[in-house]
Each structure stands twice: as structure tokens, then as C-alpha cells.
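Structures are listed in the sections that come next.
Both of the next two complexes hold chain A, though its partner changes from chain B to chain C.
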Partner chain A sequence: MALLAANNLSVALTRGGSAFPAISDLSFQLEPGKILGLVGESGAGKSMIGRTIAQLLPSGFSVTGGTLDFAGEDLVTMAPEKRRRLLGRDIAFIPQEPLSALNPVLTIGQQMREHLARIGKTEPARWREHALAMFAAVHLPHGAELLDKYPHQLSGGMCQRVLIAMAFASRPRLLVADEPTTALDVTIQARIVKLIEEMRQHEDTAVVFITHDLRLAAQICDQVLVLYAGRPAEYGPARDVFARPAHPYSRCLQLASPGMGSERRGLFILPERMPGLQAIKTLTGCRFADRCPNVVAQCRTSEPPLAKVDGERVAACIRPEATAAIEPPPAAAHAKVTGETVLEASGVSKDFVTRRRLFRAPATFRAVDKADFVLRENEFVGIVGESGSGKSTLARLVVGLESPSQGRLTLLGRDVTANRTSERAFRREHLQIVFQDPQSALNPRRRVAGIVTQAMEAAGGGTGTERLERARALLDEIGLAPETALRYPSQLSGGQKQRVNIARALCALPRVLVADEIVSGLDVSVQAQLLDLLLRLRQERGFSMLFISHDLSVVRYLCDRVLVMYRGEIVESGPTETVFAAPSHAYTRALLASVPPDDADAAWNRDDGGDLALVERA
Partner chain B sequence: MFATIAKLLARRILVSIPILLLVSMLLFMILRVLPVDPAAMSLPPNATIEEIEAKRVEMGLTLPLPQQYAIWLSQVAHGDFGTSIQLRTSVTRLIGQTLPATIELAVLAMAIASALGIAGGLLLFYLRGTRSETVLDVGSIALLSLPEFLWGLFLILLFGVWFEFLPFTGVLSAGYQKPDITGFLLVDSLITGQFATFWNAVQHLILPAFALGVSFSPPIMRVLRSSLLDVYQDDYIHQARLRGLSERRILIGHALKNAILPTLSLMGVQFGFLFGGTLLIEIIYSYPGMGNLMVDAIRNTDLPIIQAVGLTYCVVVLVISILVDSLYLILNPKLRTR
Partner chain C sequence: MTLAAMPRWLRSGRVLIGLLILLFVVTCALFAPYLAPNDPNEQNLIATLLPPAWADGGDPAFPLGTDSLGRCVLSQLIYGARLALTVALIASFGAMIIGAVLAHVAGYFGGWVDWLIGRIVDIWLSFPPVILSLILMVGLGTGVQNVILAIVLVDWTRFCRVLRSEVIVVTRRDYVAAARLLGFSHWRTVTREIAPATFPLLITLLSLEMGVAVVVEAILSFVGMSVGADIPAWGQMVADARQNIYQAPWNLICPILAIFITVFGFNVLGDGLRRTLDPRLSQTERG
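Take a look at the complex of A and B:
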């Protein structure tokens, strides 16, 4: 019997007397010991399903139809107190943002102890032993020290393992993992996934694995359910869905994420965005029609029902046979860059003082060790490595937010190592940085027009109307409607914010752009749009870029050359294709191995990178 | 952790010194430019001009102002605030007699304000979205808009005069002996085992402390409510619910510990104001604290007392803010471990 079964489950937001469907007609069956993947862009309703299982829906949302049975009992109609007792004990959750999922003012030990007391599997006096055993089970080193630490003293990967230890402690029958690895490094992702698989094996736990990464889902899930705008688009065995997607949306998602296969291919750009709750209500016909490359007039007449495609697979499309014909555009070839050198680092090192000592030289930590590289005109160079590898410090050195302890930095032939005032102005003129988190990088109280033309303001140039004109031109260039100029950041989506962020950096017409993780955390469709934007801008106006990322497939797609950083050192560098096809350093190989392969049938030979992974600082 | 706190204390104390110097200078200068002559005041009304002049020389009033200030300051630094012109006793002793009473009043008032504020904040939060919340909210604004001296009068009328529940003048009823060890009446009566005295003193304190505390509770209540609302948006609250913790456990064990931090900063600021507020309340309740001493001194232009009391208020407020900052550091691990 299925442990978790949804039957025509519907969830809606009720506002002003009318209901807006958030999840429509969802059915699935999950057996013990199996993993069900829920895949889709943000807003597709994936996380809403997790919340429905716990019956902790955002205010205004409620289940409007169908049932959601856990071990034969409907979670929706169950008495709240009874359901609460299931949570944390029989049903455990692993969250998306491990750092914020732990209480910042309580130690790990206090939180662990509370949880163990709550699930009641150990005598209170022996909670410590149990906690340490759980830490060992999730391969957390220095468990005993960890108990006295606060969450902010740990890395994201360690926090996630603490949360997994909590989830595993009760040996739950159902585990709901909501994008558990999105915020983490690739090698840690591989290890976390492995932990979940182990638990499934040993305890026969059923797992709901929510992810936006179809490739990852194909590797670890038994079944995959692709959601689009709250409705199942395709449901079936994971490998089938990935190898031969039946629904155009599945196919487009797959093609929107850069591949790691032998052939480098272009990205499929899904236009526009998924319809929101408001739009869904008034839609007739297929919800995907506006973005579907295979759309025909008939698609818009009525909502296509889920129909059997082959074997155990169902898809909600009237012409699934046409799906296979959707092809990605050809890949833009990597540029063979021979232009002049715009940026050069020679022997650049950075030491951070970790502790000041009396009468002795302070204890230091070397974050970047003798980095040598050049960036040529119109060249995109990727820097990959895990958090703590020094890649972000290197970026900060390049843009002058830190000064190197040793070595030389040259920008357009001028020595900018010392970062004096005159150099700072020079640097600002020719080099701009785009940060990871557009949310905090954009001043919420300024209109977009003001934000993107900040460089003009700093240079003291331009009247109000001139700046507005410039803002409009920039927005047009990055593919946003000119009227966006008068909006505030809070009125934009994540992808739009990142575009504004890029437009701001480009306003001063810099020769070099430093981009720090600018596409991480975005949907693959938005990511594809941004990557294409960067390539197009390079063609139109020409600039060089240092692109820092932990996502190897993105770097492979975008960058001409790549630097691999490990413990502060550049351990390998070269043309992207060469490095990825024949990695020479063991760490590069471990990094590459931790990415799920393109081919669903290929075995994912993750070595869990044990000894090679960075020793996480406890 | 202790190292961090020690560092904070050292820094705050260092910063306090110039503040105190500045305040003392202001106090000294303002009082010196007032058109009063301490020499004439300390002599009988029939004193001759010559006698007054001699007194002026004796009191050092003929010296240049900076020199007068320097002399006064060095005396103050040695704990000597001079002699009261009116009462002819050591000002330091007068402060020593009245300060403990004022501290007792302020601390109790702050305790009442915090208790009401925290309980009210929790209640407001618990009732969020209901009609009772609106009622309570409006009620709290009403509380806030009534100044503490009106509260004082109102409570006297209600509990002192009408119901005759509680005493409302002085610190002890007639017939009770005041033990004198530390100067803190509540403490002294407890350690000497005079429980009847203790109880009588508590009864005397209730009305003034309540009058003072109650008008300080609404801001605490509202800040706590709004920071609880903020904290409830955080991931770890959702995660705690997913772990099946009860709502009460989440509120007390998780949310409150975070939400109390901004509330605490506010309480620190408020305690400063509240300490200043003791002045009016002491007058209304004829409470023998520093406030009454100050008012008498102002009436009699007793300069040494005014200066001393002013400076003492300043020191107390600084000490409170340092204590609150240390407490904040203890409660917030993010600040502590750097």
C-alpha cells in the first residue's frame, strides 16, 4: 500500500470571495522506500505540496478538494493535534535554507536536545549520546564540539547535516526534502543526496524530493512529477521522463539547463514566465500554451487531461509525440580569444588575520595563495571551487574590496595593487562587480532608473532627463520594458532584479565585469535567459568577465577558460572544454564527478570527495 | 564570552568619562551664571556687605570660573560634593541617604513596566488578527497618553483615598523603625529579618512604582508584539512547526528568545527616562528620594545639591545603559562570537 497518496488534491487561495487555484487535481502514489521527485520552476507549486503535507499553508490558502492520505489516513481532515504528533516523528522535513532553519540564539545542542525530547526516542538523560550518534551517522566531524556552537558558527553544509540528523533521529516513515541542496556546494550536494539514499535503504523511508534540477531528480528518484502552474504536466518513472520527456515543459526545462554531456549545446530559452495565481484563474486551455514551442490552436480550447503516454507514464499534452522534435539552438562556439590582456594577476596572495597575538606575528589564514591569471579582451573566464576555496576572496581582491598581501594586479596595463585613491577611480571606471544577491544589492527605496544610472550620478554627470533616457536605453539592452525604469526593486521578480543589477554594472561601460554567483538560486529558465543575455551583450558591446560560480555546467556553457580553485590555490586552468574533458587535477575530477550526468542511464559515479573536499571549519 | 563583555565594559566606561565631564561642566556653568549669590544665601539676612564679601572670598567665589570648576571637580572626584547651603550638612551624605530610595522606586517601577509590557506584548501577539487585539491596542495607547504624574494622582484617589487599600505617603508608616545597613530599605529590612517592616515598605512602594511603571509598559508591549510578528516570519519558526513542536513551545522556547532582543534595547533607553520620571512621582507621594531632595534644593537655590543630584542622575543613567548593553551581549550569541 502506498504510504503517501494524493487523490485529486486541490489547494487554492481564497481572497475577496473568489478562489485562485494553486494546486489543481494532483494525484500520486508513493510507496515506502521510494523517492518521488517534484520538479518545476519556482511558483509551480512544488513547495506548496510540502506545506500541504504538514498542513501549514500560508494564510489564505486551503485544501479545496481531494485527499492526501498518509498511511491510509487523510492528513487534511485529521485532527490537528494528531497531525502535529506525526510531524517530526513519522514525517520529517529537510528545509531549503539550512542556515535560517535553525534558531540563531540557541546552540546546536539545545536544539538537538529539544528535538530528541520531543520525539521521545531516548531517555532525557542520554540525549547527548543519541545526538552524537546521529551526528556520526550523517558524517559530521567533531560532534561533541558542535553541541556548544551556534548556527552562525557553522557552514551551510554542516547546518544541513545537523537538520538531517534531526530528521533521521526519529526514523521517520516519510521524509520531505525541499530543495535540500540548492544552497550548498556540489560536492556537499552529492554527500547529502547520498545520506538521503542511505536512509531510504536502511529504514525503508519514503522520500518526497523537491527540486528544480531535473537531472538530479532523474538520478536519484524512482518517480518524477513535473509540475507546471500548479498542475501536473507529466508523471512517471524518473528515467523515462528524463530520457524521453513526453510533455514539452519537461523537455524545455531539460534543455534550459546547460548540459554536461560530451556535446556542448545551446540553451533553450523559455520565454516569459509561468502564469501566476491570478492568470491561471482566467486561463482556458493548456496552462503552458503561452510558452510552448509546439502550441497549436486546439491547445487553447480546453485543458488537456493527463493521458497515458507509454508504460506507467502520463502527460497533460494533446500532442506528446511532437515533444521530441523540440531542439535546442546550436551552441555558440567558445571564443578563441587572442586579444590584448585587460587584467592580470601575478602571484597574488591574501592572508587574513585570524587571531592577534601579543609579542608575536598574528596567526593568519591564507585565503588566496599565489594566484596567477590573465583575462583578455572579450574573454569570459570562469572561477570554480567550493565555498571556502578562495574564489570569492579572489574576486574581492580584483575589484579592490580587499588589498592583496603579496603580488601584483594590473588593470589595462596600470598597476592597481596598492588601491590608492587615484587607482580607485580608474578601477571604478573600467571594472564593475555584480553581486550574488540582487535583493540586498539594490536599494529598495530607489527607482530602477536611479539604480541603473548610479555610475552616472557618482561621476557627477547627467541631468534627470538624460539619466532617465540612459536608464531606458540600458533596460532595453538587457531585455526589460522601458517602463520598468519607474518601478521599485520590490516590484520585480528575482530574474528581473538580477538584470537590473547587470544593467547597473554596465552603465559605466566597463571593460571588465566581475560576476559573483549571479545565477545561483535562480530558476533554470531565468538562468538561461541571463546567460544568453551576457553572451549577447558581449557580442554587441564587448567586455571581459570573471565569472565566479559553483555550478560547473553553467561555467562550461558560458566561459572560454576556467580556473579551478582549491584551498586558496588555482590548481588547474585552461580552456573550458579541455579542462572538463580531461581534468588533470584530482580535485577537478572530484568536482566534475559530483555533478549528476546528463544521461539518466549512466551511473552517477560520485566519489563523495571525502578526503578531497575542503575540511569544513568547525 | 567574558573577554568580549570585559572589552565592551572597558570601552563603555572609557566613553562615559568625557560624557560625565561635559555634563559636570554644563551643570557647573549654568548654575554659576544664575543671578544668585550663594555667599549671601548662607549668611543671615542682616549680614553686612563686608561680611558677605568675606564669605565670598572664603567660598572661593572670587576666583576665575575655570579655577572654581577645577576645585569643585577635584572635590567631586574625591566623593565630596561640598556642604548644603540650606541644610548645612554634607551633600554626599544627603545623596547617600536618598539615592537608595530612588533606586528602589525606579527598579520596582521598571520591573512593573517590564512585567506588564512583556505580558501585554505576548497577549497582543496571541490575539493577533482578532477584535480583542484592536481593543487592547487602543487601550495601550490610552495608557501611554496618560503622563505618570496623572497616574500618580489617579492611583492615590482610587486606592489610597477611596478604597483606603494602600498608603501613599513616605516609605514607612509611623511606628516602624528604619534599619540602616546598605541604605536600601527593602534589602535592609529583609537581611535584618524585620518582615513586618519589609511588608510595610513594599505597600508604600506599590502605588508610586505602579504609577511610574504603567505608562512605560505600552511601548515595551508594542515593540515585543511587532518583533514577535517579525520573528514568526523566520524560517526556523516554520521548521520548528514542521518538527511538530507545540505552539506554546515555539513561542516561549524559540520566538520569545529572539524577539526579546529589540525589546531589551528599548527597555534600556526607557529605564533612563523612567529614572528621570521618579522626580515627579516622589513629590506626589512625598517619597524621601533624590527627587524631593532636588526639588527642595531648587526652591532654595541650594547649588551644591543641585549639582550633585544632576551628576548622580547622569551617572545612574550611564550605568544602566552599560548594564543593558552587557545583557544584550549575553543574550545575543551573534554579537558575542566574532
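Take a look at the complex of A and C:
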């Protein structure tokens, strides 16, 4: 019998007397020991399902129809008292936002103890032992020290693992994991996934795995449910969905994320955005119609029902047979770069003082160790590595937010190591950075026009109209409507914000751009748009870029050469294809092994990387 | 920025209540000569300690009665608002300017500048504020300008401490680094990128500080360290009414109520502004 079963479940937001459907017609069956993947982009409603299971719906949302049965009992109509007993014991959660799920004023140890006491599976006296064992299981180093720390003293990845340890400790019958690995490095992600798999093998735990990563879902899930705008688009055995997607949305998602397979292909660019709650309400016909490459007039007449495609698979599309015909555009070839060197680092190191000591030299920590690299004209160079590998510090050194402790940095033939005032002006003119988090990188109190033309403001030039004019031109170049100029950042979507972020850096026409994780955290369709934007801009105006990323497939798609960093050192460098096809350093191999393969039937050989001692620096 | 924020914070009930109360007090202060039924200083020795007009023996010419010297209580109250608001306004602006400038300098530059300013604030805060202001008053001598000076010297630390941590948070944002990398000078970075973000907190603190200033002024005029007897002050009214507390309780209750209502207005306004403008609160809403 299914442990968790949804039958025509629907959830709606009631506001101002009218109801907006957020989830409709959701049905699935999850057996013990199986993993169900919920896949879709942000706004598809995948987290809403997790919240429905926990009955933690945001205010205004409520279940408007159908049932959600856990072990034969409807969670929706169950007495709250009883449900509370189930949650945390029989149903465990790994939330998406680790920091908000931990209590900031209690130490990790206090929370662990409380949790273990509540689930009652440990004798109170032995909670410490149990907690440490759980920490070891999720590969959290220095468990004993962790117990005395507060959540804000840990990195996001460590908090996430604490929560995973808590979830595992209760040995639940059902585990709901909401993007549990998004904040983690790839090698740790591979481990967490392995832990989840072990748990379901040994304890017969059923898992609902919410993710935006179709490839990861294909590898670890038994079944996959692809959601689009709150409605199932496709549901079936994971390998079938991935190998032969029946719904155009599944196919587009797959083609929008850059591959790791042998042949490099172009990215499929999905136009526009997913309809929001308002739009869904007034929509007739297929919700995907506006973005679907296979759309025909008939698609817009009525909502296509979930119909059987083959075997156990269903898809909400009236012509699934046409889906296989959707092809990615051909790949843009990597540029053959032979131009002059624009940026050169030789023996660049950076030490940070960790502790000042009386009468002795201060204790230091070497974040970057003797980095050597060159960046040529029009070349995109990727820097990959995990958190703590020093890749972000290297970026900060290059842009002048930090000064190197040793070594030389040369920009366009001029030594800029010392970062004196005259060098700063020179650097500013030719080198700009695009920050990672557009939320933090754009001043929420300024209009877009003001933000993108900040370089003019700094130079003291430009009247209001001149700046507006320039802003419009820049926005046009990066593919935003000119009206955007008068908006505030909060009125833009994540992808639009990141475009504004790029436009600002490009305003002063720099020769070198440093981009720090600029596509992480974005939906794959938005990511694809941005990657192609960068390639197009390079063609149109010509610039070089240092592209820092933890996502190997993105680097493979975008960059001509790649540097692999591990513990502050550049351990391997070379043309992207060569490095990825024949990695020579053990760490590069481990890194590559932790990426789920493109081909769903290929075995994911993660154990290659498992033994490498990777200690996260707290 | 304010234009975009206007509707949201004006919709808050607290802000509206606070503004209404303060509007009332400000009107009294501005139009005191037209609103007051009598000259507040005119003594009328045949009509001392009159009860309010609605009580037995009340005189409609003195709506809230008279004090022991036969002065009109209502008129004194209305004129008293002038002093209270003047002190509140000037003193809190003074404290705000000193505190905010130091907070931005400390939070933005960090390092030893921050250390130095932080230590000064610590030393300042190690004195209990009431004691510190009394010591200052003894040193400075009486007079309303010295009351203002004392409040400024004592309370700038409130602004400095709270704002400094906010400045640090904002300074760490990437957009501040981006502005610097694009060539903004320190001055421009602080005024264009950081100060607008700390402004809501500043306004909130200012509103709360005005309430504090009203209380401090009342205390100091209660102990006779503020203005002379010829200028009506709420604190002084309280002090005068103590002798006749049983014969004329209204004389005591009226100024206390006036102080209470004014302080309440400032606090409710400040609280409402904090709730609607606090960037942290609105961020969690967004997330």
C-alpha cells in the first residue's frame, strides 16, 4: 500500500473573496522505500506540496479539494493533535532555508537534545553520543565543538547538514526534502544523496525529493513528477521521464541546462516566464502554451488532461509524440583565443590573519596560494572549486577589494598589485565585477536607470536625460524593455535583476569582467538566457571574463579555459574540454564524479570522490 | 524613495494615531495666543485653586480651573506645549546629527575609527543618563538652552549605537562595494548608497527621542533647572501643584496627562514607523 498518496489534491490562495488555484489535480502514489522527485522551476508549486504535507501553508492558502493520505489517513482532515505527533517522528523535513529552520538563540547542542528528546528514540542521558554519531553520518567535522555553537556561527552548508542529521535521527517513515542540496558543494551534495539512499534502503523510508535539478532527480528518484504552474505536466518512472520526456516542458528543462555528456550542445532558450497565480486563474487551455515550441491552436481551447503516454507514464499534453522533435540549437564553438594577455597573475597569494598574538607573528590562514594564470583578450576563463577553495578570494584580489600578500597582478600590461589611487582609477576603467547575489548587489532604493549608469555618476558626468538615454541603450543591449529604467529592483524578477547587475558592470565599457557565481540560484531557463546573453555580448562588444562557479556544467558550456582550485591552490588548468575529458588531478576527478551524468542509464559513480578528505573550513 | 514608501507607512494605524496626536499638540503650540482663553501668567488672587468649569464652584472663564496663584490651567497647558516641543525638536535633532554622523563614520570606515568611537560610546553609556544630565545641568547652569545641550550630550549615544550596527549591515551589502568599485568617493558612497538605507531607522529613532526629550525637559523643569517661572512649563506645573494635591487634584493631573499624551504620540509614531519602515521586517515579508 502506498505510504503517501495524493488524490486530485488542490490548494488555492483566497484573497479578496476570490480563489486563485496554486496546485491543481495533483495525484501520486509513494510506496515505502521509494523516492519521488518533484521537479520544476521556482513558482511551479513544488515547495507548496511539501508545505501541504506539513500543513504549514502560508496564510491565505488552503486545501480546496482532494485528499492527501499518509498511511491511509488523510493529513488534511486529521486532528491537529494527531498530526503534530506524526510530524517530526514519522514524517521528517529537510527545509530549504536552513538558517530560518534553526532557532538563533539556542546552541546546536540544545536544539539537537530537544529534538532527540521529542522524538523519544534516545535515552536522555545518551543524547550527546547519538548527536555526535548523527553528525558523523552526515560528514560534519568537529561535531563536539559544533554542539556549543549557535546557528549563525555556522555556514549555510553546515546548518543544512545539522538539519539533515536531525531528520535522519528520527528514522522517519517519510522524509520530505525541499532542495536539500542546493546550498551545498557538489561533493557534499553527492554524499547527502547517498545518505538518503542508504536510509531508504535500510529503513524503508519513503522520500519526497523536491529539486530543480532534473538530472539529479533522474539519478536518485524512482518516480518523477514534473510540475508546471501548479499542475502536473508529467508523471512517471524517473528514467523514462528523463530519457524520453513526453511533455515539452520536461524536454525544454532538460535542454536548457548545459550538459556534461561527451558532446557540447547549445541551450534551449525558453521564452518568457511561468504564469503567476493571477494569470493561471484566467488562463484557458494549456498552461505551458505561451512558451511551448510545439503549440498549436487546439492547445488553447481547453486544459489538456493527464493522459497515459506509455507504460506507467502520464503527461498533460495533447501531442506528446511531437515532444521528441524539440531540438537544442547547435553549440557555439569555444573561441580559439590567441589574443594578447589582458590580465596576468603571477605567484599571487593572500594570507588572512586569523588571530593576533602578543610578541609573535600573528596566526595566518592562506586563502590563495601562489596563483598563476593569464586571461587573454575575449577569453572566458572559469574558476571552479568548492566553498573555501579560495576562488572568491581570488576574484576579490583581482578586482582590488583585497590586496595580495605576495605576487604580482598585471592588468593590460600595467602592474596593479599595490592598488594605489592611480592604479585604482586605471583598474576601475578596465575591469568590473558582477556580484553574485543581485538582491544584495542592487540598491533597493534606486531606480534601475540610476543603478546601471552609476559609472557615469562616479565620473561626475551626465545630466539626467543623458543618463536615462544611456540606461535605455544598455537595457536594450541586455534584453530588457526600456521602461525597466524607471523601475525599482524589487519590481524585477531574479533573472532581470541579474541582467541589470551585468548592465551596470558593462556601462563603463570594461575590457575584463569578473563574475562571481552569477547564475547560481537561478532557474535553468533563466540561467540559459543569461549564459547566452554573455556569449552574445562578447561577440558584440568583446571583453574577457573570469567566471567563478561551482557548477561544472555551466563552466563547460561558457568557458574556453578552466582553473580548478582546491584549498587555495590552482591544482589544474587548461582548455575546458581537455580538463573535463581527461582530468589529471585527483580533486578534479572527484569534482567531476560528483556531478550526476547526463544519461539517466549511466551509473553515477560517486564513490570516486567519496574518500578524498574534504574538510570544510568553518 | 519616500514617495514610493508613503502609502504603505501612512496606512499604518499607529502612524496615523501618532500623527493625529502630534498634530493636535503642534497646533496648540503654534496658535497658543489664539487658543488660550487667558494670559497664562496673569495671576488672579481672588480666584485661586478653582476646580474645572464643570465641577461645583467652577468658573466658565477658567475651563480647567486655576492654580494656587489663580493662573488659568488650560492656558498654561497650551503655552507649555511650546516649550515642550521646542526642546523636543531642537534637542533630538542635535542628538541625531552628532550620533548619526559618528555612526556612519564608525560603521563605514571600521577599523580603529570604529574602535575609538565605540569606546567613547561605551564610556558615555557607563554613566546612568539621569545622573549624567543632572551633573551636566549643575555644571552648565539652568536655562532652556542648557536643557537642550544636556539632552544632546546625553542622548547622542542612543543614535550612534543603534545606527552604527545598521550602517555596518548596509556597508557589507554588495551594492556598496559595487559603488566603490565604480569609482564613487567615500562621501558619495555614504550619502547616496548607505544613508538612504539607514534613513527609516533614523526617523524612527528621532521620533522616539523626541518623546524622551519631552520627559527629560519635564523632569528638569520640575526640579527648577529649566526655564524661569514666567514661562509656562509642564514640569513646573506639576511641581507647583504638589502642595495643593488634595484641594486641587486637577492641577496635577492636567500637566501629567499633557506629558503623557505627547510622549505617547511620539512613541506610537515611532513604533508605527519602525514596523512599516524597518528593512529587516520587510525583508522577511519578502522572503
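By our rule, the second predicted complex is superposed on the first by the 611 of 618 C-alpha atoms of A that agree within 3 Å, B and C clash if a C-alpha of one lies under 4 Å from a C-alpha of the other, contacts with A are read in each partner's own complex, and residues count from 1 in each chain.
In this section, contacts are C-beta pairs under 8 Å (C-beta built on N, C-alpha and C of every residue); 3 or more make two chains touch, one makes a residue touch a chain.
The structure displayed is predicted, hence computed values, not measured ones.
Student: Is the arrangement of chain B and chain C around the shared chain A a clash or a fit after superposition?
Tutor: Superposition result for chain B and chain C: clash.
Student: Between chain B (first) and chain C (second), which, if any, makes contact with A:I269: first, second, both or neither?
Tutor: Neither partner.
Student: Pick one for A:A331: touches chain B only (first), chain C only (second), both, or neither.
Tutor: A:A331: touches no partner chain.
Student: So, A:I318: does it touch chain B (first), chain C (second), both, or neither?
Tutor: neither
Student: Between chain B (first) and chain C (second), which does A:L132 come into contact with in this model arrangement: first, second, both, or neither?
Tutor: A:L132: touches no partner chain.
Student: Of the listed stretches 7-15, 115-123 or 169-177, mark the one in chain C with C-alpha atoms clashing against chain B.
Tutor: The segment of chain C occupying space taken by chain B is 115-123.
Student: Check chain A for residues that touch chain B in one structure and chain C in the other, and list them.
Tutor: Residues common to the chain A contacts of chain C and of chain B are 97, 100, listed in rising order.
Student: Give every residue of chain A touching chain B within the complex, in rising order.
Tutor: Chain A residues touching chain B: 54, 56, 84-89, 92-93, 95, 97, 100-107, 114-115, 118, 150, 152-153, 163, 166.
Student: What part of chain B is in contact with chain A in the complex they form?
Tutor: That would be residues 234-236, 238-246, 249, 253-254, 257-258, 261, 331-334, 337 of chain B.
Student: Inside the complex, what are the residues of chain A that reach chain C?
Tutor: Listed in rising order, the residues are 97, 100, 399-401, 425, 428, 432-433, 435-437, 440-445, 454-455, 457-459, 488, 490, 504, 508.
Student: Please output the residues of chain C touching chain A within their complex, sorted ascending.
Tutor: Against chain A, the touching part of chain C is residues 1, 4, 173-175, 177-179, 181-185, 188, 192-193, 196-197, 286-287.
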